[in-house]
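You will see two complexes here that share subunit A, one where it goes with subunit B and one where it goes with subunit C.
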Partner chain A sequence: MTVRKPYVRPMTEWWRRNPFFVRYMLRELTAPFVAVYAVILLIGLVSLSRGEAAYNVWLSALTHPASIVLHWLLLVTITYHAVTLWKVIPKTMPPVKLGGRALPENAITVCGCLATLVVSIVIFLLVGHL
Partner chain B sequence: MTRKRSNAPIFWALFGAGGALAALVGPVLVFITGIVTPIGMWMPQSVLSYERVLAFSQHWAGKAALFVVVSLFFWHAAHRIFHSLHDVGIHAGTAAKLLCYGSALLGTVIAAAALLSIGF
Partner chain C sequence: MAETRTIEMEVLRYHPERDAAPRFQSYQVPFTPDMSVLQGLQYIKDHLDGSVTFRWSCRMAVCGSCGHMVNGVPQLSCHTFLRDYFPAKVRVEPLNHFPILRDLAIDQTDFLKKLESIKPYIIPAEDKPVESGEFLQTPAQLDRYYQFSQCINCLLCYAACPQYGLNSEFIGPGAMALLHRYNADSRDAGRAERMPLVNEEEGVWSCTLVGYCSEVCPKGVNPANAVNQNKVNSALDYFFRFLMPKGGKR
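On to the complex of A and B.
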């Protein structure tokens, strides 16, 4: 029989103790939402390959109010993914020198977000007008 | 002499590429396919009509775009979920790895099969 009763630091919901880790967990939580959208698109592709009737079932499912709500949630989480990715990018790449001085991390993050914005507008206009 | 090389860089590259692609085109694709087109606001519903999407998927560039988006989104999500398992108290062992990356592979294969059966 053991006499010792060692203290074991509880590790449940460890990330709640520090706002930095709360943001980290939120960022990691975006992955399942990306997966859900990939599954929705994959179902669309499979339906498309099965012909017009199958495709139209998928298309009408997208107009269901529950689907619209889900896609708003996907929009928020995947946009959060985009912002956090552009925040991480400067930390993962070698420093960019401009005129002998290192480009600040913020500048790279802002450029990334602008890139997302520009690409989004271009795709939106292309899809609507082609 | 042969040294066993790690397969981590492959998964990491797929994760990075998928993450960057999701950051660039993810929000606008969700907005178009899931919100404005189904509602018919700002974008006519005919944008996602069978004829239009079929023609897009039969063009080599459209086919490639659809394949890259769907498969890389899967690989990105699988890698991130696998590496978050430990943080939520799940052992990230071989079974978890097979399940995560296996799902991404399955999604990739199904996407490729669907796109190939649509034809050119």
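On to the complex of A and C.
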């Protein structure tokens, strides 16, 4: 009988082996950007509670060129995060039944992305008119 | 007579008594358009090199024995065709994340232990003698678990799961899909026995929703869905203990 000597292959740079894993790692990498934007909004909320002067300081800080660059970066990363998250969302929930048939995963992804887009546009218009 | 062409097949070779590490070996394999990667391997074994070791059985994507990495993607090699890779070469490796026993044969012991641990059988609420007739089930009840019952234990999902590769303590997509198959069955009452496995760190919580397991599944089981539905079940299981008298214990 042959001697058993199982060989275990290393996992080094596993995420570079498959484009699917690269896209997954990018999704995970964009998560901190979502947190950064949440903190920016939270600071805005806190400064609003501290009165008009504090709120105006926050508003003027947002117009700084560095802030504009940061916000473009946030827009790109959060868009990628939103789209890729909607792609995996159908895998996290029980099947959605419509007329006895399960809704295809793509339909849920497309609806989610559209909802994100519509809500973003509505908020953009609301804020733009204020 | 179908046209015969020749494709280069690279096969990962590992002999536990002679090799310190695996190496690739190349073969020139004549093939017809109807030949699968498995048939290419069989040609090598029959005509070129009888020492190449690999598992196979049914040749029709039912038994789940011939899973290999084909050009880096977990595939049933009987379900993958040489014509789709020609004129490039095709590289066949053992399934990722499992110890290699020899050439393309991997050690499945870890999965088999996990499969046993989830109690992959119906645990009825009370023993029912055969004479009292069958358990009845509506089509809607069948629908709740049917997809998960299609698993053929081929282990492609484990080869697709980097979290299992990084930590083999993780119960993994396949075993969790089968656990869910029994928990979701209306005839089964074994949920309380299986939930401790779900709740562990190495249960559903080691999953980071890469989602590749569901992409590679040849039977449409969607194991990522089973794992992630059970994250909700596990959270409910945790919080319900505060609401139930005696922490939900009977």
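We take it that the second predicted complex is superposed on the first by the 101 of 130 C-alpha atoms of A that agree within 3 Å, B and C clash if a C-alpha of one lies under 4 Å from a C-alpha of the other, contacts with A are read in each partner's own complex, and residues count from 1 in each chain.
Note that contacts are C-beta pairs under 8 Å (C-beta built on N, C-alpha and C of every residue); 3 or more make two chains touch, one makes a residue touch a chain.
Everything numeric here is computed off the predicted structure, so don't read it as measured data.
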For A:Val22 in the superposed arrangement: first (subunit B), second (subunit C), both or neither?
neither
For A:His81, is the partner it touches subunit B (first), subunit C (second), both, or none of the two (neither)?
first
Is A:Leu41 touching anything from subunit B or subunit C once the two structures are fitted on A? First, second, both or neither.
first
Tell me which partner touches more residues of subunit A in the superposed arrangement, subunit B or subunit C.
B
Have a look at where A:Tyr7 lands relative to subunit B and subunit C in the superposition and call it first, second, both or neither.
second
Can A:Leu125 be said to touch subunit B (first), subunit C (second), both, or neither?
neither
Which partner does A:Ala107 reach: the first (subunit B), the second (subunit C), both, or neither?
neither
Which partner does A:Lys91 reach: the first (subunit B), the second (subunit C), both, or neither?
second
Touching A:Val57, do we find subunit B (first), subunit C (second), both, or neither?
neither
Where subunit A meets both subunit C and subunit B, residue numbers:
11, 15, 28
Please give the residue numbers of subunit A that touch subunit B in the complex, ascending.
11-12, 15, 25, 28, 30-32, 34-35, 37-42, 44-46, 48-49, 52, 55-56, 59, 62-63, 67-68, 70-72, 74-75, 78-79, 81-82, 85-86, 112, 115-116, 119-120, 123-124, 127-128
Which part of subunit A faces subunit C closely enough to touch in the complex?
2-9, 11, 14-15, 17-18, 20-21, 24, 28, 87-88, 90-94
Could you pull out which subunit B residues touch subunit A in their complex?
18-20, 22-35, 37-39, 42-43, 47-48, 50, 53-54, 57, 66, 69-70, 73-74, 76-78, 80-81, 83-84, 87, 89, 107, 110-111, 113-115, 117-118
Along subunit C, where are the residues that touch subunit A in the complex?
14, 16-17, 21-22, 72-73, 96, 99-102, 107, 162, 165-166, 208-212, 214-215, 222, 224-225, 228-229, 231
